[in-house]
Amino acid sequence: MSIFIDRNTKLVVQGITGRDGSFHAKQMLEYGTCVVAGVTPGKGGQKFENKVPVFDTVADAVAATGANTSVIYVPPPFAADAMMEAADAGISLVVCITEGVPVLDMTRVYPYVQDRKARLIGPNCPGLITPGVSKVGIIPGRICTAGNVGVVSRSGTLTYEVVYQLTRAGIGQTTCVGIGGDPINGTNFIECLQAFEADPDTKAVAMMGEIGGTDEQQAAEFVRAHMSKPVVGFIAGQTAPPGRRMGHAGAIISGSAGTAAEKLDAFKAAGMGVAQRPADFVTLLHERL
Amino acid sequence: MNIHEYQAKDIFRRFGIPVPPGDVATTPDEAERIARAYGTGVVVKAQVHAGGRGKAGGVKLARTPADARAAAQQIIGMQIKGLTVPKVLVTPAADIASEAYAGIIVDRASKRAVYMVSPAGGIDIEEVAATMPDKIMRLPVDPRYGLLPFEASRLGFFLYMDNAKLAREAAKIMRQLWQAFTASGGSLAEINPLVVTTGGDLLALDAKMVIDDNELDRHPDIAALRDETAEDPSEVAARRANLTFIKLDGNVGCVVNGAGLAMATMDLVKYYGGEPANFLDIGGSSNPEKVVNALRIITRDPNVKAILFNIFGGITRTDDVANGIVAATRDTPLTIPMVIRLTGTNEEIAVQILQQHGFSAMTDMDDAVQKAVRLATGGKAA
Amino acid sequence: MSIFIDRNTKLVVQGITGRDGSFHAKQMLEYGTCVVAGVTPGKGGQKFENKVPVFDTVADAVAATGANTSVIYVPPPFAADAMMEAADAGISLVVCITEGVPVLDMTRVYPYVQDRKARLIGPNCPGLITPGVSKVGIIPGRICTAGNVGVVSRSGTLTYEVVYQLTRAGIGQTTCVGIGGDPINGTNFIECLQAFEADPDTKAVAMMGEIGGTDEQQAAEFVRAHMSKPVVGFIAGQTAPPGRRMGHAGAIISGSAGTAAEKLDAFKAAGMGVAQRPADFVTLLHERL
Amino acid sequence: MNIHEYQAKDIFRRFGIPVPPGDVATTPDEAERIARAYGTGVVVKAQVHAGGRGKAGGVKLARTPADARAAAQQIIGMQIKGLTVPKVLVTPAADIASEAYAGIIVDRASKRAVYMVSPAGGIDIEEVAATMPDKIMRLPVDPRYGLLPFEASRLGFFLYMDNAKLAREAAKIMRQLWQAFTASGGSLAEINPLVVTTGGDLLALDAKMVIDDNELDRHPDIAALRDETAEDPSEVAARRANLTFIKLDGNVGCVVNGAGLAMATMDLVKYYGGEPANFLDIGGSSNPEKVVNALRIITRDPNVKAILFNIFGGITRTDDVANGIVAATRDTPLTIPMVIRLTGTNEEIAVQILQQHGFSAMTDMDDAVQKAVRLATGGKAA
């Protein structure tokens, strides 16, 4: 089992003929993801890699292929429109990889997607992977291995680092989800924790947060109140100065809010395992599995 | 992107918000001339991208043009939170009857832009929130409707409960500020204080705007407001090289791909007893040129005693990074030690390239960080 | 019993100090409606008729008085805002009397009010009355009498005419609702019929439609499928020419759609009583009660 | 409010929609001059607020300036559906490769503005809907978002499935038409046909807009487009007097308060064998002046053989109406019979006023209508 993506995932790639879209569509096909369609307006009728049909609109792609999941690799000015198009076409899981989406665009996208009962992951995220089954996004497949730990993270390469260390230590994953580093994104920690709690194959969860916002604090409260499974958490940015954006648009300490210390305290108060460094995940999860 | 007070006021003015006049001076002479032209007492205000100007001595009242000159002399070039003040705003002093606060921020929890107003202005809004929470009205704005007239009216009456005229004028300013905020691609817009003058008029006495970097392509007029003289030179160089860089005070220079891993690397430096000299994210697509620029920027900092590469190859090809290291050190060899950790995409090729040029590479992050800290501190730490 | 308004109705009058608002607020007070508050921005703190407190905002009025129903008498340019303000303040029944609200404004108001789970009646309507209990709007109280017929109508004076004839013939009313003559309004015939069907005291329904749109046809279909109580219907505008707006913005035959004949056919097909003229309501209802 | 084709095209042009050039002529001379200036074949099109211009002979192709003159001569002043054509649009003839349809209407069922497009253009869209429903795409637009780029793109690709260039251009026109529609307070906007020229360009060959009367106060520039020369004079007079009036062909003139009751009264006239001469709603607030104006307008129609007042006093005070009747007939007594029915607010006072001036009043609607019909038909009906 897994969360959000599984053997029934039928993927449409928005921006499949672009530089990033075509590269990662190939990678996903190679990994075994069921890529049923691509979308690039004006290229409808073409075939990608001689097998994946390309459509002008997501609605056309859904009508023709029954796609239920979408991954978006379009430039930032068009990403908001792409997310809304996917949700409007009836896609139930929309994954937006694009980095640099204006935050005011996201304030409009979020209620739109919600109204259509779609789940949005991202933007500015690496996507998700259910090892051995399906990969939607850009997480390198070879660093993952199937197992019983759920992984959820606000960052990309940090996730890879942790997953890589887990895999090397023999700890496999049910699903790894990168929820993205922007201040407003579609799916937050709590929704992922909820899904992992409900997934029978997930026995423990590794969660990587960052400075900025209060998502991790709320997630910790959720863990305390609603999770039966062990959760180990980490916060990147303990050495970050206040008021400076640490790369991710969402990774910023505003005034005294959103510090790593505050988040780690919340983790401790919730009875979570606290990883001081990425390598601690291995030992802390071993203890809990 | 931060913009200066005077720039924010220009934007506010365009949207009809009442702001006091003012002119910018980069020299004491200019400040004096401006003050003389106004013929009234003026305030000389540091234009700098840092909070707490007042406390730092960056805002001075000047009764005469000579005072204005003296104030500008003191303020221009002074350091506030590590930034040099490049210019001052000279603006006529206002007679203030009362001070309020009005601001718009993007709120992560409600996933909306949120209006915050308080009749207790002139001070830090966080302080008001902590000490007088009932003196703040928070109003999340539905982006699909914008600030509705009745919402603006609620804000206005919260600010000036007992004065319908002021409440209505404030409601109008709330709508104008919302327009200014959205039309500029803001992530923050603030009037603090919004004052009632002794003459009974509303006036935005101070103005602050932060622009969402992701909106700059859409708003070239706003992008053009960037004042590089007000930024740290190494950060300006980094931005031009498409690097995300923040200068810190430590001794271990870090080159990492990805913001989360970059922060985690800095944290690990600290964990093992070192101090990171910077945050630096070379981003996803790694071309060798970026690595060259990154090394150039980091080595300019005399505090840096060792350099640490931590690259996890996903989209980033580690051989690109290796080639960048080779290219950067070919002409100007490093004078400080460097520790290279890389793993992932094309790792074998990368290691080969590095070895051919006399570098060694590690694969474990903790090992690499410990080694870098040891080298930077001369073996004193960890 | 009754629908939508009853003894628990606590009314706030938006625009209470205006010409129409003050006139009708007095009438409602005289009728016995529980008018708890008025709203006119800038007049907060005053008292209307020395007893009804006036507030600057609906939110203030609700907080201070627990008002649950609002009636709006503000000029057309401000009516959309007034409806949204009421719904946002937690009012559950919003009645907009104002005529002349731009239809594109209503396209924005409708989802706003829906999202807040408020019921909107109108705009451009006479409001509603539960005889002897509560009157919200402008329907003259003295033409009504309590009884067991529900009345729902798209028009104002035509409703008065029919109610007057019913009252004179000894047929009383549970509630009379004027849903308004605009093309986009908050509550349609079906929602009123549904409420009358659920109201134990209502034994039959009189329904007055007009040319334009398909609301009456859908209502007839609802009567056929879901109503156990007899419904008698009338359509005004049998002599109206196509393409001309007959006063009400909604009363217009577009092409071949929205004619009186089409609507009367739908009534007959649904087994409804069909009043050829207002006076027929009396005989047709007498037969059915 | 209806506006002319040429006015709608001016609006479209302002929003960037490609429309052919054209000039308006009110005389055959002008039409000839315009045609000569274009130096090409032209189309001479009646500017009139009625559909079916083409079938009625109101659109003519003219190869030469002399032809244009002749066409204008025929068209200007002709009657189309009871309206006199006051002017013509003279516009260069276009070479058409294909015709499509694009329109926005306000849809009562979805409570939204709805886009409708069809690659089968140039004909009545209702006909397409009836005969080729799969050739129409309906797209309700969420007013909180406006027409989103992907929606415009869907419309464009529906119209020009096999031609990405045209699809993209059409998508742009869809966005522009949406802007024109909302910015003008429209209740309908239509391009029919939207053509592809033989040169491969898109062109809005015809344009239709209807403006929501309730938006006119907000859009004075649009309100100024009203062309009273294109309207029925009695309706113009009624509008100026703040009456809602529509002229019909019957013999019973009706004066009623309220639109629903007015229609019901007309229907009852017909029910009892008469024919209503008009729809007339004096509205809710009854001042005597309105009644005076109403009588003046109705009695101008020579077909009217009897006048029927049907007033149900709610907000309307029936004594005001009675005073109006008295005032209107004082100086110019009626030459045709009048039946007055009134009930409701101040009914007793009204009856008294009327009786003092020699009028009688009834209280039952059916009785009053029957009497009026009898008087109008000389006792032949009912």
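Residue numbering begins at 1 within each chain, and the chains themselves are lettered A, B, C and D in the order written.
Rule of thumb we're sticking to: contacts are C-beta pairs under 8 Å (C-beta built on N, C-alpha and C of every residue); 3 or more make two chains touch, one makes a residue touch a chain.
Keep in mind the model is a prediction, meaning the values are calculated, not measured.
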item	value
Pair with more cross-chain C-beta pairs in contact, given B-C and A-B	A-B
Per Cα centroids, the chain farthest from chain A	D
Centre-of-Cα separation between chain D and chain A, whole angstrom	55
Centre-of-Cα separation between chain B and chain A, whole angstrom	28
Two or more partner chains touched - positions in chain A	108
Residues of chain B engaged with two or more neighbouring chains	144-145
Residue numbers on chain B that touch chain D, as the complex places them	144-145
Residue ranges of chain C in contact with chain D within the complex	76-77, 99-104, 106-108, 110-111, 126, 138-140, 143, 153-161, 164, 181, 183-184, 208, 210-211, 213-215, 234, 236-241, 243-244, 246-251, 255-256, 260, 276-279
Touching residues on chain D, where the partner in the complex is chain A	145, 148-151, 153-154, 157, 164-165, 167-168
Of all residues in chain B, those that touch chain A in their complex	51, 106, 108-109, 111-113, 126, 142-144, 182, 185-187, 212-215, 217-218, 244, 246, 248, 256-264, 266-271, 275-276, 279, 281, 284, 312-316, 343-345, 365-366
Residue ranges of chain A in contact with chain D within the complex	41-44, 56-60, 78, 81-82, 84-85, 88, 108, 112
